[in-house]
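Two complexes come next, and they have one chain in common, chain A, joined by chain B in the first and chain C in the second.
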Partner chain A sequence: MTTTTTAPTTTSTGSIPTTRRSRRSPIAPYVFVAPAVVLFVAFLLVPMLYSVYLSFRGLRLMPGGAFGKREEVFIGFGNYVSALSDRDFLAGFGRLAIYGAIAVPLTLGLALLFALLLDLGATKAKRFSRTAIFIPYAVPGVVATLMWGFMYLPLTSPFSYITEQLGWGTIPFLENPEIFGSVANIAIWGGVGFNMIIIYTSLRGIPSELFDAARIDGANEWQIAWRIKVPLVTPALVLTGLFALIGTLQVYGEPTTLRPMTSAISQTWVPLMTIYRDAFVRDDLPRAAAGSVFLAVCTVALSVILLRLTQKRAFGES
Partner chain B sequence: MSQPTLAHDTVRTPFLTKALPTAVILVGALYCLVPVAWVLVASTKSRSELFTTFTFAPGSGLVDNLHDLFAYGGGQYGTWALNSLLYAGVGAVLSVVVSAMAGYGLAKYQFRGRNLVFYSILAGVLIPGITLAIPQYLLMSKLGFAGSYASVLLPMIVSPFGIYLCRVFASAAVPVETIEAARLDGAGEARIFTNIGVPMMLPGMVTVFMLQFVGIWNNFLLPFIMLSDQSRYPITVGLYTLLSKGSGEPALYSVAIIGAAVSIIPLVALLLFLQRFWRLDLISGGLKG
Partner chain C sequence: MRWRVMTAAGALVAVGALLVGCSGGDSSGSDDSTAGGPVTLDYWAWGTAQDPMVDAWNKAHPDIQVKHTDAGGGTDSSAKLLTATRAGNAPDVSVVEYQTLPAMIVGDVAADITDYVDDDLKSKFTDSTWGLTTFNDAIYGIPQDVGPMAFVYNQKRLDELGVPVPTTWAEFKTAAQAVHTADPSAYLATFNTSEFGFFAGMAQQAGAKWWSVDGDKWTVGIDDEASQQVADYWQDLIDNDLIKVEDLLTPQWNQEVNAGQVLSWPSALWAPGVIYGVAESMAGQWAMAPLPQWTPGDSKVAYQGGSAVVVTTSSKHPKEAAEFAAWINSTDEGAGIQLSTGQYPASTLGQTKAETSDPPLLMPQQTDFWKLASTIAGNTIPNISWGPNVNVAQSAFQDAMAKAVQDGTPLRDALTATQKVVVDDMKTTGFDVSE
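After this line comes the complex of A and B, so read on.
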């Protein structure tokens, strides 16, 4: 597969410990990482830098010709000023905050709860429950939104059917402010299972002697869960929290798919939808670039803050 | 209540200690299964039954709906499904190869620039992949690739998380002594990787394959932005167009519903089948508190 040279460059007379470094082909590691680095540069680094470059460019009317001509020039932070003074864009961050305040804690809380229950000796039907809760992971966000959307729609909703039978009328899932809970619910539904598995596997890695000792000391299962298990799976919680945060900032598919079913979701409901509109509806690519750079900076900043606050090196490896 | 208890703390009603945890987790399972059950039931309903009968009552239109689905747009649904399989299957395989090589290289060699490469790639986890879609589209259009299969396939191959997992797994699963022994026997670095490294890393590679397969299969924004030709759509973008047309044409709702139902069956089956080979402990195993 690779064309690594195999010829030893030094004679193999040294003892085993010294051959560790001296005998290996010096270019081998570069060949191994080359495909990843090339793809990383081409599809992450270059687009990122291009985005930054584009965000400082703009069309300006230059003197010349009968009516002047449009030329692409550097305009400094003009696109950022324009993007950040757009009320729709800023309001999108506000809506994102409400959505995230519902989705992130509930996803993590439920994932932790289910993981602890799976880890508990007394719980029955574990295999079934674990598989059932994990199934939504395999359902694309668009398909999940489609399914939940029909379950929200008054005409087809089983929930509204029940409340109507009881004489309470339909539940306004697709109106304001319920729409926040409804969109968040789709993300929670899709995310709980995967996060549960991460936390659960982390729980399984705790040596059981720790619990035995606590039980002998008279701790009950509730105390063991809160005082021993939760602190020990904190790294897994930080990691899942990080993924939930990044997922929140880039929410796009769910509200976009739900739009045809409701008037409560505008074309600029979340920041990414505004960026999409700027790029493809208004054809204002530099402003879209400024918006997406701002969003990326927010993501990195929030991630760093999260990791700092928890003071855990979630990705730490010697 | 009738069972003898040993210590004070365990004097609890059996309801609290046994039934409650089971009840709570079953409620969670129900919550996760209800939409799937709903879409499966709704897919059996004819157009008129969809809006008139109780939502969980099976209908009589399954065969007609299936026919409508596969006849829609001259068999577009089948094309979308095959496209999704192509993007996710080829993309995940390439991604595993690239990730395994990089992870092995980063874990098993000391070389200049190793930390730079590793931490740059790791930082890629933090950059929202979706935020990159617009510049990727612009660059692809400049190169004339936008709208092609490659424009959706290529950006998804490099997976920072996959590389990170492969590095964790290569560190843990491939002993340095085995590599040294192979070197003493005169094996080349490439041969050591394919004959020793890969078999030992296989469980981790299956995990990366599944994560990437599901990730690409579920991706919406990148193909949505890149593609304009409906015959290259994956199933997610295809179903979205069906649904947005459906708001003006409610007859398409039943096609969208059965389309959703049919699309989740293979992926759920694949997931259930591969579940036993997953090594998700890797994800948390690499974490240090």
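After this line comes the complex of A and C, so read on.
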């Protein structure tokens, strides 16, 4: 509601407004945003800052004989040096790279493929397929991992049962190096549905005149998919790729839940497991804080690199 | 205009009230008792013996009620105790394994209860048992059960295969060979890379001292000669495919036990209760014998596991907590419940009572079980000392051992790696460690 008249009510700002705007700057937006901001500050910002603070502290022994008590003191970059020179922690990143190289392309590739197939006019049973592909995402992570775990264990695996009947022995799902594929499989199984929905929605937003024009020009469905659809959904692909990358860096649930079932997964298989071990098994919360700060910085750095690289492709139009 | 502001303000107030209301639920450890009114204590413990003991106490003591929570096994619950103490919502009383007790003291979790232990209570346990919970002349816990190591085996299958029960580790190897040759799908035992307590017990039986303290100076001997001898022994068995490398008590392992493919579990006196929990149908087929020895004719064994009840530093009612701990661990009723669920009591009263009790449910046919148990308990190595960072050692050991088995590198190297991590950690924390 705007007004350009008169003096008696505008007391706060003495100057005459040069543009049309309301005489009182609206506070409603701030009020609506306030709860979100409060929650963000309380549950995200403050803990993050506390983590950074904690990463510069350490638990050291206070004098008291052979069995003194430990107290928290400031130790500068000690935790960072210790975390970054921990071979297990760094090896975890290496394993993440292998896991990511399997999981991310397959998840996105399959999601794209299914989205394209669902978009084709000729596909039957679209609604059923959409739901069926999406349902794995609805299964809670721990449940999914346990279920797959039993399908991997030699004694309870249906796949191993078949190969055993055929005389080929059991499939070594839970040994090194097959374990990477096994863990990645759980993530792919759960992630394809979600990513497919994003890409499919993006596909649905493409005006169909483009396809009609292409068909008139003689393009077949394969060419339409490859040369028109895929380039036009690149922003969605970049988005899902970014999510997949962040998700890969933070993988924790699947290896931890599978760990009791196999000796191929150590306590420090991925960086987050090392951080958990430092925090709660080794009782060294500050060192865990340093590890998580490092992991967060890596995640942000990689995301920025990814976005920069794809900026032109994805958002170049605007 | 005006109403928009008022609606906005009203919404803000509503959200604020919601937030305040939601933050109300706070779970403090114990109720405060203003004059009169029962005191409620929080008790963390695992195992089947706990609920009956708590029920018995609650019935007998209406003015001090105890709430029992199962916070997970030894490793899990001690990790939780450390974080809960920092968060300020630790329980009043908790069960802590002997090996973790020093870490609990250093982490300021276990309170000094020397003042609450009167002469009467002191007389209920032997001096060497008190040694398990006494450090620097201060008592930090009341011993609940002890786990002298013993050999629990599938008697029926071994008899079928004609394999004699081994009395030395050399005989154990021969027996393992015989079992695997007679039945290629069966193994005499499994080697578990995460059983830190078992390996430590075997090393101690061989004469190793993993931690020792002289005044203020610590010495760490995780990779000393005796421990490496143990590592080489198991290495030999693994390399010759005489025992299976597998984690204990997984669904896979449980199935193999039930199918007669894992024929023994060298562990401790509490093992029958655990095996009964996963293989009830095998009652009557298993038996217990003394643990094999390194030297023929010897009879010394170490402890594996066993725990004490500590009063936490966060407790607002330490006196009542200590009373509860003393009652469940040293009275006749408590001991009876311990025995019926397969725990071997730490109290002398309990151990005497044991000799006239029924054998565990897994081996009703072994009527001399408790007599044998008391002989074994009498042969335990005295004064085993644990260090202030057993949790670090355990996690380093598990990782190093699993890695060694995965990569095929010697178990000896895993011990050396563990030693390094433990020494470094102690030095970083500020302990005086001699090389």
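Keep this in mind: the second predicted complex is superposed on the first by the 272 of 318 C-alpha atoms of A that agree within 3 Å, B and C clash if a C-alpha of one lies under 4 Å from a C-alpha of the other, contacts with A are read in each partner's own complex, and residues count from 1 in each chain.
The rule is short, and it goes like this: contacts are C-beta pairs under 8 Å (C-beta built on N, C-alpha and C of every residue); 3 or more make two chains touch, one makes a residue touch a chain.
Please read all numbers here as calculations on a predicted model, not as lab measurements.
Colleague: I'd like to know which partner A:192 touches here: chain B for first, chain C for second, both or neither.
Modeller: So A:192 only meets chain B here.
Colleague: For A:107, decide between first (touching chain B), second (touching chain C), both and neither.
Modeller: It touches nothing on chain B or chain C.
Colleague: Under the stated touch criterion, which partner chain does A:59 make contact with: chain B (first), chain C (second), both, or neither?
Modeller: It touches chain C, and chain B stays clear.
Colleague: Examine A:260 and indicate which partner it touches, taking first as chain B and second as chain C; both and neither are also allowed.
Modeller: A:260: touches chain B and chain C.
Colleague: Once the shared chain is lined up, is A:268 touching chain B (first), chain C (second), both, or neither of them?
Modeller: Touch status of A:268: second partner only.
Colleague: Which partner chains sit in contact with A:32 here, chain B, chain C, both or neither? Use first/second/both/neither.
Modeller: both
Colleague: Of chain B and chain C, which one contacts the greater number of residues in chain A?
Modeller: Residues of chain A touched, chain B against chain C: more for B.
Colleague: Under the stated touch criterion, which partner chain does A:79 make contact with: chain B (first), chain C (second), both, or neither?
Modeller: Neither partner.
Colleague: Contact-wise, after the overlay, does A:47 reach chain B, chain C, both or neither (first, second, both, neither)?
Modeller: first
Colleague: I'd like to know which partner A:156 touches here: chain B for first, chain C for second, both or neither.
Modeller: After superposing on A, A:156 lies in contact with both chain B and chain C.
Colleague: Based on the A-chain superposition described above, do chain B and chain C contact any of the same residues on chain A, and if so which?
Modeller: 1, 24, 28, 31-32, 35, 150, 155-156, 260-261, 280, 285
Colleague: Which bits of chain A are touching chain B when the two form their complex?
Modeller: By the definition above, chain A touches chain B via 1-6, 12, 16, 19-21, 23-26, 28-33, 35-37, 39-40, 42-48, 50-51, 54, 110, 113-114, 117-118, 120, 122-126, 128-129, 131-144, 146-151, 155-158, 161, 189, 192-193, 197-199, 201-202, 204-205, 218-221, 232-236, 239, 246, 249-250, 252-253, 256-257, 259-261, 272, 275-276, 279-280, 285, 288-289, 292, 295-296, 299-300, 303, 312-317.
Colleague: Name, in rising order, each residue of chain A that touches chain C in their complex.
Modeller: Against chain C, chain A makes touches at 1, 24, 27-28, 31-32, 34-35, 38, 58-62, 65-70, 82, 88, 150, 153-156, 176, 260-261, 263-264, 266-268, 277, 280-283, 285.
Colleague: With touch defined as at the start, can you tell me which chain B residues reach chain A in the complex?
Modeller: 7-10, 12, 17-18, 21-22, 24-26, 28-36, 38-39, 42, 50-51, 54-56, 97-99, 101-102, 104-106, 108-111, 114, 117, 120-132, 134-136, 138-139, 154-155, 157-158, 160, 163-164, 167-168, 171, 180, 183-184, 186-191, 193-194, 214, 217-218, 220-221, 225, 235-237, 239-240, 243-244, 246-247, 253, 256-257, 260, 263-264, 267-268, 270-272, 275, 280-281, 283-289
Colleague: Going by the contact rule at the top, pick out the chain C residues touching chain A in the complex.
Modeller: 1, 4-5, 8-9, 11-12, 15, 19, 75, 79, 82-83, 86, 102-103, 105-108, 135-136, 193, 213, 215-218, 245-247, 250-252, 255, 388, 391-392, 394-395, 398-399, 402-403, 405-406, 425, 428-431
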